[in-house]
Amino acid sequence: MPENKKVKVAFFDFASCEGCQLQVLNLENEFLNLLEHIEIVNFREAISEKSDDYLIAFVEGSITKPSDIPRIKKIRENAKILVALGACATHGCVNSMKNMFKINDVKKATYGDDDKLFDSEEAKPFETFEQAMPLDAVVKVDYYIRGCPINNKEFLMVVKALLKGKMPEITDSAVCLECQAKGNICLYDKGEICLGLISRGGCDAWCPSNGFVCEGCRGFIDKPNIERMKEIIIEKGLSLEYAEKRLQLFNSWELTKNKITLIDDKEKK
Amino acid sequence: MNKNKVKEKNKKIKNINLEYIMSVNVLKNFIEVLSTKYKTYAPVNKEKRVVWAQIKNFNEISRDYIDGIQTTILPPKYFFFPPNEKLLFLNSNNVDYKKNEQIHEPFILFGVHPCDIHGLLLMDKIFLENYVDDFYKEKRDNAIIIGMDTMPNEWNFSKSAGTDIIDSGFDIFLIPLKENKFYIKIATKKGLSLIKNINGLFPLNKNDKKLLTEFYTEKNKRYKRNVDMHDLPKLLDRTYESKIWDEIGKQCVACTRCSIVCPTCYCFNIKEDYYLNLIEGERVRTWDSCLRQNFALVAGGHNFRSSLKARIRHRYYHKERIFSYIYGKSACVGCGRCSRDCKANIKPDEVFNKLRQLEIKS
Amino acid sequence: MNKINVNVHYLTRVEGHGNIVLDAVNGDIKQLRLEIVEAPRFFESFLRGVNYKDVAYVASRVCGICSIGHNNASIKATEAAFGVKINEQTTLLRKLMMHGENMQSHSLHVYFLATPDFLDVPSVLPLIKTNPDVVKLALKMKRLANDLSDISAGRTVHPLRNIVGGVTMVPTKEELDSIKKRLRNAKNDVLFTAELFKKSVKIPQYERETEYIALKKDSEFAIYEGRITSSDDMQQVDDINYKDMIKEFVVPHSTAKHSRNKRNSYMVGALARCNLSFNDLKPFAKEIANILGFKVPCYNPYMNTYAQLIEIAHSIEDSIEIIDHFLDMGFKEPLSVDVKPKAGRGVGVADVPRGILFHEYEYDNKGNLVSANLIIPTAQNLENIEDDMRKFVPVWINEKKSQDEIRQLLEMLVRAYDPCISCSAHMLKIKFE
Amino acid sequence: MKNSLYLPVKTKILKTKKLTELEKYFQLDLSNFKKFDHKPGQFVQVAIPGVGEAPISIASDKNKKNTLDLVVRNVGSLTNLMHKLEDGEYLGLRGPFGNGFPMEEMKNSNLLIVAGGIGLVPLRSVIQFYLNNKKNYRSLTIFYGAKTDKELLFTDEYETWKTKGINLNITIDRESPTWKGNVGLITTLFNKIDFDYLGSKILICGPPVMYKFVLLELIKKAVPAKNIYLSLERQMKCGVGKCAHCAIGSYHVCIDGPVFTYEFLKDKVEAL
């Protein structure tokens, strides 16, 4: 492909750990090969070059502060295709755990007695929203590459598909499908609470295959049967309180938005 | 292979019927010899479960499996219809596809349960009839099946499913007996060639026959789960609107595990992907499940089974009816894997019982 | 009038968002600061209530680049709080994970982020054309480092196998064999890199003596455990008393807290570790130091990149030794010890790629986290970077460097520290003066 | 090279033509097939390497021995890329698959085709078959409905059809200044047009919602269920009865269908 035919691609980040961009760099040789087809015009973590002319934008991170809004809107305007990269961008990830707390409480815990100063003029640049939000709470997102961190093979699959004008096929099955197909020993057999039952797969059951529970970093499957999940936890004699906390780690955005909870207020008391 | 050929092959298998008795030590020796000649896979312990793995000697085989405490996590379908299989290589510039030709060597599956052998024969119906699935067939043709009867585990209801006894679909069949003996039956020429150099096979004497009867009496006694499975397709037809499906729909969480571990679930997905040159690539098939949300979505956005109730009911209807139609018998072989592994506690035997009871009541 | 105005908005080739602001008139500095504008993420606040089994899993999300380091510091803090004693096998495995991360993070910095500066190109991209062998070598090194993390920790970004009390899984013999071979081969690559750097890289020669803080242990180059040690009088404290040495304070232009000990600032990271424990480096690392002409004490912050290359060499050799141990001894069950949560406080310290890292937790008796305090290496370095700037900028102005040259030197300086701003900004705490 | 059930045959595109905003016509060269014998109502699996396959109905009669007609609506990944293909380019093709309409069984009857939107595509092969075998059938009547007149397919063939004696009735959902004919849903035709519904074979293809309403009309007219033939659409991965995506109850639409009689379907679950 001649140089000028290369598709221009940009990477951006908002509040995140930047692990997803690192996962892209971790593709190493494959990343190098990809550069035969794409021209990276923006990737702050790796290069100094900057440009506003790009076709595809990969955006990592959650929207957490007022200054993020014009920035993401500008990216949306510039990009023909906007891809949310990683759990922070697709559904809030651990950033949204703060959504579970009252904002005043968060401030208090972090600022102590200085929390009143938060409203002052000098603090403007550091002002944050009450909620950490995924990108699609603010702009239209064309494709979602889920996971914390992303599975970089899936990232490759999406890039390749987009370059060829094909719609990327993103998994909609539960983590259990891939986990069982690998013949893994289910973590419920070891008395753990695994969220793979209702969480979206596509990660090749990364965590359960390493002996760690699925924490639901790719969000829930469509219409998760939370009611039943709750009963399963009870039937197995596991802690509902614990399960609830686990559910919140990556999915607080969706849980608060849809008012989903395992323990309702009555039971809490 | 068309229908007739399959039948012919089955007939041939039935031609040989040699029965012997051997001691555990002879069996041990037998396995050691086999495993030097062929890759031999058998149920082995992994943590607290049982999985298929390559073995070199008898002691590696799971005691739990032989004693009928539990079965393997994945069924034998895994060997013929693997969860991820590269089917074709492709070239988008030339619009060209090539078959991914795999080299297959004969291998042994040791210790396959009667119900799992029934499962394989059902899979043969799907993959080898009408249109022959070459990928399945190539592996299937290379498999040497050594079946083994065991006590039923607590989830197994193969007696109800009529799959506790098997008379074809294996090359050799074993039954563990008391007094450290094994009954061995040779059913094919292949089986015959395997035992050719084995010393220590004896014809069954009276005592052996008694032990054999004892085994079956004990086995029948050990079934904890019984369900009337006669006429299932019709029963299901009559209870399509039953409120039991609403209940089960609420119970299921769509994790898809039941279909993954089932010896006769065969849904698959096909995907294509490019290599990094964006010219070549491959076509891959992966296990799929009808419990997945968008399994029955068509262009235009219509989903024929969008509710969980519809999907779990479909699993039962498809299982019980499609096979009765082509095989004359339900596709649930009663292995109990899905009962064991469904965290939502949905057990086919209980579902069938409930449907039957509800009908009797009304 | 000689006016110098440098404003680097969104510093590139660092992890996270930072700005450099310099305003000088006739050699007089009006403004000079490194602004951290990374969005605060409130980890300390939302970690509250999380069960101890998940704390490290969440805490590693502070930073994707040093997630293994966070994971280990976090687990150590929890184990300290519960009084859990892990076995030798776990310690070795954790060291292996940390070596993997060290190699990965350092090679990312050395080859991709810093080298373009030394070779005077804007990024690694042009190097693909001009120096393909270096790029290939760099990728090979990163791949090796990632694979080492994968087999020991389950994955490089946000590890999986490391849990409170031990690990969930261990590498197979085949994995160990093959990675050992590759580690051996990698030695040549490090030698090649050292020679190349010696030949073609010109490190800016500016020195400022400062305080260096790192973990230190007898006869071992400490990364996983040791005593918190300062180069000033070799003062030492234990984990639990880290606050005796690390004093945090807040500045208005940053979402990250700065820290100091006895002086205005101190430095952490590869250079600090090398300065404190040079003698404990493996022979191969010393050989690399020799080639590079690296001698301790070294007061040139730009040399941090060399110190990282030296550490890569050390990690390779130490990893080979650990792997040999496992190949000889095999692994023993159980892989983890029983953990009984109890109320209490614990501090976990680890010396991660960018420097010494502290996690302090308080738990309730159910094992749910009550409060957390995290002190991240980059945050500790911030004041030191500013002090460097304050010393060097007048020198540069004196040397009649152009505005562009100064901007370049400033960017290089910040990058030499390999700052990971995303993780340092987890604790927004501003004081308004 | 070994053959395989899943191996598409490289097939040249001879002609393409944009029919409507969404639909494009393709004429394919069958010379790479050793044998390609198809019946009206069957389908092929069309492949674009790297993208995948989709089931597409054959829109031409088997009398045209060396070529095959397809009409494709742009709805997704593969169909979108197909629309970008031009004359002289290539596709992968497997098939023909499915049972097709039982033309033999329908001999000596009146035929009524009820087609909605793109549903006319498989039925065009029936129309062509009829024209080639007119003496075997008593008559052919077509009820064809589309959303707008812009979405009507095969418009340049209507005259030929009519002159050859086909009774063609078209309706569009919404009024349009460029349309002079019937307006209203396809079901409205049943009252407007007098026809021997009872003694005819009725062939239906269209979107899932259309089936419900058309069947209601036919049931009203007491048409025997065995005289009603429907062609169904499902997700299909293999086309040969293996992948089970198209399974309804006991049947795989791809090998037992896509054409079923209403008599067969009426007690089948989730079929319609």
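Going in written order, the chains are labelled A, B, C and D, and every chain counts its residues from 1.
In this section, a contact is a pair of C-beta atoms (placed from the backbone, for glycine too) under 8 Å apart; a residue touches a chain by one contact, two chains touch by 3 or more.
Owing to the predicted nature of the structure, the values given are computational and were not obtained by experimental measurement.
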Pair with more cross-chain C-beta pairs in contact, given A-C and A-D: A-C
Chain whose averaged C-alpha position falls nearest the assembly-wide average: A
Far-end chain from chain D, centres as C-alpha averages: C
Distance between the centres, which are taken as Cα means, of chain D and chain C, whole angstrom: 65
Distance from the mean Cα position of chain C to that of chain A, given in whole angstrom: 25
Chain centre separation in whole Å, for chain D relative to chain A (CA means): 43
Rounded Å distance, chain B centre to chain D centre (Cα mean): 39
Interface hub residues of chain D, defined as touching at least two other chains: 50-51, 76
Residue numbers of chain A (touch at least two other chains): 164, 169
Two or more partner chains touched - positions in chain C: none
Those chain pairs that satisfy the touch definition: A-B, A-C, A-D, B-D
Of chain A, residues touching chain D in the complex: 164-167, 169
Residue ranges of chain A in contact with chain B within the complex: 30, 33-34, 36-37, 156-157, 160-161, 163-164, 169, 172-174, 176-177, 180-183, 185-186, 188-190, 196-198, 221-225, 227-229, 232, 235-236
Chain C residues within the chain A interface of the complex: 10, 12-17, 37-46, 48-51, 54, 57-58, 61-65, 67, 108, 112-113, 116, 122-125, 128, 135, 139, 142-143, 146, 154-158, 160-161, 163, 168-169, 252, 255, 368, 371, 422-423, 427-432
List of chain D residues in touch with chain B within their complex: 1-8, 10, 47-53, 73, 75-76, 79, 89-92, 207-208, 233-235, 237-238, 240-245, 247-252, 255, 267, 269-270
Residues of chain B that touch chain D when the two form their complex: 87-88, 90-92, 94-99, 101, 126-127, 130-135, 233, 237, 240, 266-274, 281, 283, 285, 288, 290, 295-300, 302, 304-305, 310, 313-314, 317-318, 321-322, 324-325
